[in-house]
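You will see chain A twice below: alongside chain B first, and alongside chain C after that.
Moving on to the complex of A and B:
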């Protein structure tokens, strides 16, 4: 395997250097390029060299970004924004080479406005880093994904991320009040609900914030964002309940989600296959009795005056159908480990039960609550077919999470986790992986869901189903893409949007 | 060829992961790697792949270098993915040589890695990044790709037998004939069962620290002596990839210890402590039977036992900088806090040791030699954090951190002291020696 030298024109590199005007801000070394191809999702390591950019630029200002984008648009060179590179669906992976605009140097806190409860930041800042600075003001930015410690604001907007505290505080799209974005032709605009950088609700014009939220780098590059500040929660509470079967846990999840508790931050559900996986292969799993086949859990955030009485209701509902409380220590410990915990699996089982090193792939979806049992059954049936047919897959179970911001009832974020023996990937294995993804996504569409609640539909397997999910809106989406990005330079090849240019 | 890390492995019993595809023969690379690269890849494949396959990059935001450069090339996860890229023939060592200079070997990334936190113990899958960086730097030396500044530094160290901490140019009072100058007038014997090992920065640059230490030990009635011929511990050479030189220095020092009947070594500096407790045992195996004591542990014990009496109030407001090699590398964070709480008059504003995983001075791992501007910025940020606590003093316990921290402190109006200097002041000792900063003695501010 060899890495071809960058094919980008040397004149373009010179222009990039002139724009940023700083040493080491335009990178073309092999490691610079290779390390900007990687995201946490399983990766076609046998084809690594196909996904690298020709050049990487590290801008510091919106003017830099605007000039870089204008240059790319003029010369028709693909351009891909990259923030943390921690997304699970390849949004930041360049499919056609070109220029990666890495925004990590745009990581400043520009304004903390305690009168209007906003903070304005660059897209390269991380939430945990930001919140450490906000502690002294008694406020927090409550966007809390599993990648809380590593994902960056630009990527959160790019993917329209999911927060584990979303039922209480909202998700990224609810917590980003407005933002500045460089369009694919280089113009800079500010988008919110209407106008007004610090206005949460408006009826003026079109709600452009929502158009650009979750754009997956296909409609521009975010260069600044104004974020919501909420009072720091005085207390948090988490309770995990154990069940003999999935169905009882599923019904308990519903009771908790419909409790009407305003402090409810989220309700979780782990199915039998998930518990079985944890039991067989998770080093951090704390042994539970054999009868445990499913788990439901809930968390609360708010003032002590609210959370203490609410916690009693959670305990009653959690036990009402026979759930057994797991205890304070594991409940609070498991909840505290929610960020670190998602990153741990390093191995699974081959078909014959042999332990093998595996990467973790999670396929997310938004599924109406009523459809979850049927979707779950089909997902596991699909997974077992692939496990049976190929040497490289393992079914690591499903979990679900209340999906609606401030509305925990209704649809859920459901994810099926699959182990993938990445080192054994060859072209047949990679194609099988894509086909597996497509079947999982198609199942969700068949049941009236969305194939992704937060990761994005940018990867092969999902991307070709975007037109189907969007239905009549697909033509509008293509028209918007063509209008804003006439030369198809912004993150080309994603979400089937190339069809807009056919 | 003998590799540094394989030596370390022998004593640490790092068992090759039986799960790996490479162990199962699934990772052949067609023979395009030379022997040294192949040995490197074989040794580090599993460790690198554990990071590559999850790739979550929790390490990025705690890495002191990446916090400054915001360049993904310098992230610990890139240091691991490069191993995979090397194995696949996508890069060669020279492509990444400069990247691997960007590391202070503070160890924050290893602690913050979910693999370490969640699966580390069970499968020995704790992510090891410091060793990967050191091994890559050793590869760079092997291939003549080592950096110019490091080359000069280590050549002079080899010549002087001590690091050229007073400058690489000109004729400085550095080297063996001056290695005990700091002790003038203190009447310290040579040899004995307990040896105080004085690292190069303290012996030549900040001589107030060994003077404070020696006088405190004398005050407490701890018998100790100095070596006949103390060379550099060899650790900095090991950190920069000069494996053979590091080993030769270790052999000299251990031979000296044996010749004078030493049984116990007091390391007054965290880097030495790491080298004596990790590298030396790796070099010498079970033959290395010396007890190694870190000075903050010893002084905390002496204060607790009433053998050092702290009677002079230090009326200052201070915070503590957890030196990376004590806190992140060796888990020593309680003793210094006990010491600071025992100093009368001192208002101690603490920041917990886990938050300080992301703090650093930038003074380690050879970074200030090659990238002084990054070291300076890391220190500036550290002092900025101290400033938010409204303190007038930052106390460290690592002499190597104190030079860059002190420079940054001077710009921000915060004095930087070593914890042992502060204890000596409070114990009423006239320290003497050079603090290399022009700071007034703490005692002069007493009310």
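Moving on to the complex of A and C:
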């Protein structure tokens, strides 16, 4: 791929080098820029060069970040924060070139406070790395995305991430007590519920933490976070149940979600298309009998005294409508595999059944439980239409997961996973993908849901629907963006927020 | 594989994977509990040829990883104490 040299002014590069004071902290090489253009989600590879930043800077301190942002604001150069770059929307993808602020060197554990059960970290630390350090203290930070092994705290805050253990421990927004953020004009503020870096509940002022949580890099760059520490669970329990049809699994999902068990970490549901997909190459499902068309599963975390009796209730509820237990070996193994799903995105199938490499698109909607069957049916109908018309798509099925933190009943995170054969992409294919996304997202809005429960509505296909989902709040959102980022330098082009400047 | 490889030696004949046996219409198995996509489905993107030791290394690393994941969030496991239930077919 030919790549134009950076268009950024050489004086700005010199200022960036002076701010950080390290020779290798400002990168302009082709590989450094190309590798920070995309995320794992499907990407318009035929137009890769349009998303390449002009420069990458790797700060170490909040002072570095503040000075970098002030420089960008003064010179009106776009600036895009990037943590792990593992997002499944486009939060970290530069749409207008400019400077990528890569926070991976801000990866220190600054304080472990066992008296108040908090840990304070830089935004560049990974949860698995953090938890390995916390084991010796008998505590953990239980934010558990499918990218657990590779995503970073800064990105979790940027997307307001979803945790597989959210029903038990909460999601990212519940597990981050407060954080420090550099505003688009360079000022540094600390946000929490009210004041107090380690205070979990306050009624003072506006709850600014929630404004900046899920900011998608459009309102600043997080430079430090104070996180919740929970006692390490003594034991975990997972049970998977097999069903002949989706409806029975769906009703069993509700029984489990409404069980009232305090140790319930999550309840999961696979539909028949998902089971068919897993039969291709997932060791847990390849040998399941043909009658298996759906799966419901639950997991528990806590003390042995809590989990052992609760596990018996889960076994009763899972079987109460006819579900068949999958067995200890697969229950335990498949649950652990759920924590790291970034290994599966190559298993696409062309229409003739041949294996082809595909990237993974997962629409991550929040859907009221009662609407799930209708949404599911419409989603697969949409997917089928696109699979039929274009050979670059593959329907990988739907799963649903309890969505509410500490309140597993009610709405679910529902994902339809789609494969996209990037190697075959041209502009017509990319536009078809955007159209597919938009139809899937619109279906969710039509049924009273939210189009994203964990990735963010930052890419084409979702972004243009943000005003519709936000309703009357959209004008307020634009006013906030204009106020905090008067020059639209902070991750411009995302979530339709350019309209705030028209 | 004719016999277990001898440590410290690479002998080509010892590294050949056994002939696959069919598990499902799209999956085969060469080593016990190690599933592989049917090579017939990989005509467009052929499967990489791997020596037996490498397959076993990857499988062992996968199990190590899953064990490690269990330890991330809990010190132990509670199991139902049951195997898979039979269905109607």
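Convention: the second predicted complex is superposed on the first by the 486 of 502 C-alpha atoms of A that agree within 3 Å, B and C clash if a C-alpha of one lies under 4 Å from a C-alpha of the other, contacts with A are read in each partner's own complex, and residues count from 1 in each chain.
Keep in mind that, in the parts below, a contact is a pair of C-beta atoms (placed from the backbone, for glycine too) under 8 Å apart; a residue touches a chain by one contact, two chains touch by 3 or more.
Just so it is clear, the model here is predicted, and its values are computed rather than measured.
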| item | value |
| --- | --- |
| Contacts of A:29 with chain B and chain C, given as first, second, both or neither | first |
| First (chain B), second (chain C), both or neither touched by A:258 | neither |
| A:129 touches, of chain B and chain C: first, second, both or neither? | first |
| First (chain B), second (chain C), both or neither touched by A:340 | both |
| Touching partner for A:434 - first (chain B), second (chain C), both, neither | neither |
| Partner chain in contact with A:445 - chain B first, chain C second, else both or neither | neither |
| Partner chain(s) touched by A:470 [first = chain B, second = chain C, both, neither] | neither |
| Chain B versus chain C as contact partner of A:313, first or second or both or neither | neither |
| Partner chain in contact with A:355 - chain B first, chain C second, else both or neither | both |
| Footprint overlap on chain A, where chain B in one structure and chain C in the other make contact | 128, 283, 337, 339-340, 347, 355-357 |
| Touch list for chain A against partner chain C, complex | 128, 131, 135, 140, 142, 144, 148, 165, 232-237, 239, 242, 244, 279-281, 283, 286-287, 289-292, 300-301, 304, 307-308, 311, 315, 324-333, 336-337, 339-340, 347, 349-350, 353-357 |
| List of chain C residues in touch with chain A within their complex | 23-24, 26-27, 33, 35, 37, 41-45, 65-67, 69-89 |
| Complex contacts: residues of chain A adjacent to chain B | 1-3, 24, 27, 29-32, 34-36, 38-40, 42-43, 45, 48-49, 58, 84-86, 102, 104-105, 107, 124, 126, 128-129, 132, 136, 147, 149-150, 283-284, 337, 339-347, 355-360, 421-424 |
| Footprint of chain A on chain B - complex, ascending | 17, 19-22, 26-27, 46, 49-50, 52-58, 60-61, 70-73, 75, 77-78, 81-82, 84-85, 88-91, 95-96, 99, 112, 114-115, 117-119, 121-123, 125, 355, 388 |
